[in-house]
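Quick one: this structure, given as structure tokens, is what I'll be asking you about.
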Amino acid sequence: MSLVQRYWRIVLGIVVIAALIVAPMYLNRYGLFILSQWAVMTIAAMGLNLTLGYAGQVSLAQGAFVGIGAYAAAIMTSNGMPLIAALVVAIILCFAIGWILGYPALRVQHHYLAFVTLAFSTLAFLVFRNESWLTNGIYGISNIPRPSIFGYPTNRPLPFYYVCLGSLGLVSLATWWLIRSPWGRAFVALRENPVRALSLGIDTRRYTLMAFAIGSALGGVAGTLYAPLTQYIDPVPFNLSLSLDLLMMVIVGGAGFFFGPFLGAMIAVLLPEWLRFTQGYYLMLYAVAVIGLLIYSPTGILGIIDRYLIERRTRAASALRAVAKSSLEATP
Amino acid sequence: MLLATVVAGPAFAQGAPIKLANVAELSGGGATVGTNWKNGIDLAIEEINAKGGVLGRKLEVTHADSQSNPGVARAQVQKALDGEPYVLLGPGYSGSVKVTAPLAAEAGIAQIMGGEAAELTQAGNKFLFRTSFGQQSSMPKVAKYINDEVKAKSVAIVWVNNDFGRGGRDVITREFGKYGIKVAADLSTEAGQADFAADVSKIKAAAPDAVFVYLNEEESARILKELKRQAVTVPLVGETTLIGQKVVELAGDAANGARGHVGLTTDAPVDLIKAFREKFSKKYNYVPDHNGLKGYLAIYMIKATTEKMGKVDSKAFADNLHGLTIKAASEPGILMDVTFDANGDIDRQGFLVEIVDGKQVIKKVLPKLN
Amino acid sequence: MSNLLDLLISGLATGAIYAIVAVGFTLLWQTSQTINFAQGEFVMLPAFLMLAAMHAGVPFWLAIIIGMLASMLLLGLGFKLLLVDPMLRHGVLPLAIATMALAIGIKEAVKQFFSAEASPFPSIVPAGDIAILGRQVSVQSLGVLALAIAAVIGLTALLNRTSIGHQMQATAQNPTVARIIGIPVERMILLTFLINAFLVALASLLITPIYLAKFSSGEVLGQAAFIAAIVGGFNQVRGAIAGGLLIGVVDNLAAAYVSTQYRAAVPMILLIGIILLRPQGLLGRAEERTV
Amino acid sequence: MTAVLEISDIKKNFGGITAVDGVSFDVQEGEILGLIGPNGCGKSTLFNCILGQLKPNGGEVKVDGRVVTGFRPSDLNRLGVSRTFQLLQVFPKLSVRENLILAGQEHQGNMLSRLLGPSDAGLSKAADQMIDFFKLGHLAGESAGGLSYGQQKLLDAAMAFMGGPRLVLLDEPAGGVNLTMLGDLKARLAEINRERRATFVVIEHNMEFVMSLCSRVVVMAEGKVLAIGTPAEIRANTAVIDAYLGH
């Protein structure tokens, strides 16, 4: 990457972050709610991107983990416990369940793995709905309180948006660290060529389980924010279709790209809102847009950019070679 | 950014249209409910505007889709409230009402909704209004009917496992307790379920004196067929969703003998309702269910209340609707006399109905309480 | 005991519905590695095409033919050319996601252009019941079961007895080699898409009188059929039939003997068990894995 | 001299077919052992059995006198046994340097230190040295997928050496590599063998390559060992000539 290019990237990053911090001050409550939702869904999609995009393990259960996190938050905070305690419980719970769910991945791969996680997703929904003593069943849990951060209440939309954005920031940093660490490299190795990875001393078994567990735990983190965001949860939003939506976000954004989930969640959360002016047609147009995008670039939005960059680099390289060649020929 | 919505200027200038906002289940699991509700609203507004509007001002409504998801409902209600509507309409799912009611109350805007769960109007919210009986008022009537008329001592309950079915089941189970009626079987079913053989065989095994069926119309039709196939002959009791015309249409002979209480039905022997049904079918090419009626009534509630106040005043609206009685004689659009209490609950005539030879027969009219 | 018989017969009838939808899954998977999440909607749509033709004043029998042809054009040819072809070489996942979006699109389009209401649909099989072993069984269910069996016999005969069938099998097993030995692979793949479109239209015709024509009726159906296909073995037509029947029966037995609230859980647990113990499904072949 | 690798009576069946049928030999420290034989004689299967990619149906594998039969490849690798594959197996989306760091990272620290420690696991320098050693210096930052076939082959071999292995099993390292690069590769292998006392087992069809590099050669045919000896002895062995070289 050239210096200029890196410079532009940094500028772009700063502008986006500044916009995310400043612009919402001028948004109404609806806009803040949608942006908060985007931040929460991005966290969940980042988890799935880790499992699927980096480590190559298909999971159709991410929505169930968001549900587990949301119920942990709703139940605990309704009983007077702080959200941070719920967060810890959600992370541990989702990590453990994700770890266990990873075991089938050691036996079966690809679509069969997807089917197992799909079954888990349905089972989780049934538990949310049927175990009323814990989850209040189909009635759901209402009046979920929003937390106080260092004694500062976040009941208003703007402060809670900053809670979501801050969490997104922390999760992004942690994920960035993770994928740049040797673990991230091992995840990629797992995705690209597990047999070779094994022969290089990479304990693919342990990394597979870790990829599942960490990805699931991020789903739980998103859930603990989702509950106080809507302040009411019932089982229906956490059925299979949320898992499919999250999968769509990861693929549409660009699986295996760090910024993929940000864009994917933007498409899934914001695009339908933008299309609402078409009234009854908005979901249809949304579906057409997603299909069109995937036909144009099956590797997602970042796939387009990636393709463009590679093309440009190849062109630059061949130009360089041509120059070198002609200068060689020119020398007598 | 596209997210920013334009905040309306002076909202209620004389002559400007009165803005209403509807948030309903236009896609997802509740799409049939929400679409009926929306069509009812549109029909009523069209009628009123054709006759010059309310206090000389036209009505104007925006429709937003909640995707049958409480989280989306919350966002859309927030958006609607940011636009400062005169009154908020919807949603229909009780869960979505629960998540949005505090927002409307905080904004001081009245919310006229379709939810039927008992608890909705019992939380002390002063801005929430029903368009139909809540389960806390319809279920006692069904239980009384089962006790007094059917004289059943044990009843099997079949309910659809969503907030509607679960809510009805919980209230009626309590009511049965008061009469000392035993619940012989308690069967949860899934929305969209096709095969009721297992449920019916469980009913048969429990040998109850009557069966209370609380499902959506399509599933009601399927279980009626299965009950007939397995030769269950005890009385089948239900609510609007068991003995509506739609169920009769879908279940054929199997619906004969089904009976129960109907709060709001397009089949009621009331001329105004028959006329409504005709208008609706003509405009939309299908026969509405009670949700179509509810949407229609919501608009006429707004009209009657506003005309009573003599002004378009969003803040005073809720106060004026509490305790209001609207007579069909003076406001035909309300179809039947109706009174709203301090909780936003509704009081109206009800009917006891039985299906005989594929036709609804009104056995008894339950009078309005006051 | 008589009770059990009731449950079995009823379960087989429902299972036949799942089975017939599941067959299409396996066909598309075999020849073009397409996981079609819109299969349920594919079954929902043809009934509306037929209804639309009837609203235009066409008699029922002609509406059926029009619906079938339109379905083969849209869900067979159109689906393959517009969606599958451009995406196939990019792997299973993006295509699967695109079919999810397609499912949303079809549902919304039907709701918007037709109705959100359930409409009754005329039955080509008489609506009554007949007595079998002293049980009342609906003729419609028997019709579906008969069709499911006919479909598997017909498909098996087509695949094993005809030269086109052999070419299709070769295409499914190894497209590269098939191409080399001169089989028109593209045409064979197109043929499976057309067969799938024909099957879903046929299924639509038989199932809709029971399920009603409704924009959302594909959701339950699609998911049940999907699970049936996996349980039976994703790559075998007769596996899909067995899986469908099994899911129908297990669902009923679960509701009767386990718990009505958890009836949907039992097929899922069955699914997990089968995948872990026999990943290729009950009747499926093990798929070759390259190291 | 001590034996780094001892294999005794390894058997492997696939269904009814016996791919490896009671193979025994040992490899001495610092030795370069060639393993040759016609296609399908079980060489690669034997490799896979030694390295735990396949479970042998019978027999025993010892590394440094310790029985390691049935160990998983990753465990064996961390014991200092490394390999390359017949077909190219680099990670195309990672850069050349990252491929090498990946190949070495599991030999450093533990899971926790690999998570919390530096991104390169402290291996950048070692990787760069390896890059220089294999003359890939100008390509360090390129993604491996963009390299030419021969360059990838060099990278593949380089990865096998990152963990500082005692024993390296190379499966057709010379296959498809052009002449110039072949010379390079041979020189590198010989140098590593000399300087690091690393022990090699090499499967190769290129006879010239095997005969000039290896100190001893094992010839396999139909799942069995046909002959063991120095390159000169093998050249003179009539059975080998009949079974293999003669064709």
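Observations, loosely collected:
First chain written, first letter: the chains are A, B, C and D, and each begins at residue 1.
In this section, a contact is a pair of C-beta atoms (placed from the backbone, for glycine too) under 8 Å apart; a residue touches a chain by one contact, two chains touch by 3 or more.
Quick caveat, the model's predicted, so the values are computed rather than measured.
Across the assembly, the mean Cα position most removed from that of chain C is the one of D. Per-chain Cα centroids separate chain A from chain D by 40 Å.
Annotation: 36 Å between the Cα-based centres of chain B and chain C.
Mean C-alpha position of chain C lies 50 Å from that of chain D.
Among the residues of chain C, those touching two or more other chains are numbered 108, 111, 261, 264, 291.
Chain D has residues 53 in contact with two or more other chains.
Residue positions of chain B touching 2 or more other chains, listed in rising order: 27, 29, 161. Every pair of chains that touch is listed here: A-B, A-C, A-D, B-C. Interface residues of chain B, counted against chain A in their complex, comprise 1-5, 7, 26-27, 29, 63-65, 67-71, 74-75, 78-79, 81-82, 95, 98-99, 102, 117, 119, 161-163, 166-167. Chain C makes touch with chain A in their complex at residues 35, 37, 82-83, 86-87, 90-95, 97-98, 100-102, 104-105, 108-109, 111-112, 223, 227, 230, 234, 261-262, 264-265, 268-269, 271-272, 275-276, 279, 289, 291.
Against chain C, the residues of chain B that register as touching in their complex are 27, 29, 31-32, 34-36, 161, 187-190, 192-195, 197-199, 201-202, 204-205, 217-218, 225-226, 229-231, 249-250, 252, 285-286. If you check the complex, the residues on chain C that touch chain B are 3, 6-7, 9-11, 13-14, 17, 107-108, 111, 115-120, 127, 129, 136, 138, 210-212, 214-217, 219-220, 248, 251-256, 260-261, 263-264.
Listing the residues of chain D that touch chain A in their complex gives 51, 53, 72-74, 77-78, 82-83, 85, 89-94, 98, 101-103, 105-107, 111, 114-117, 119, 121, 159, 162-163.
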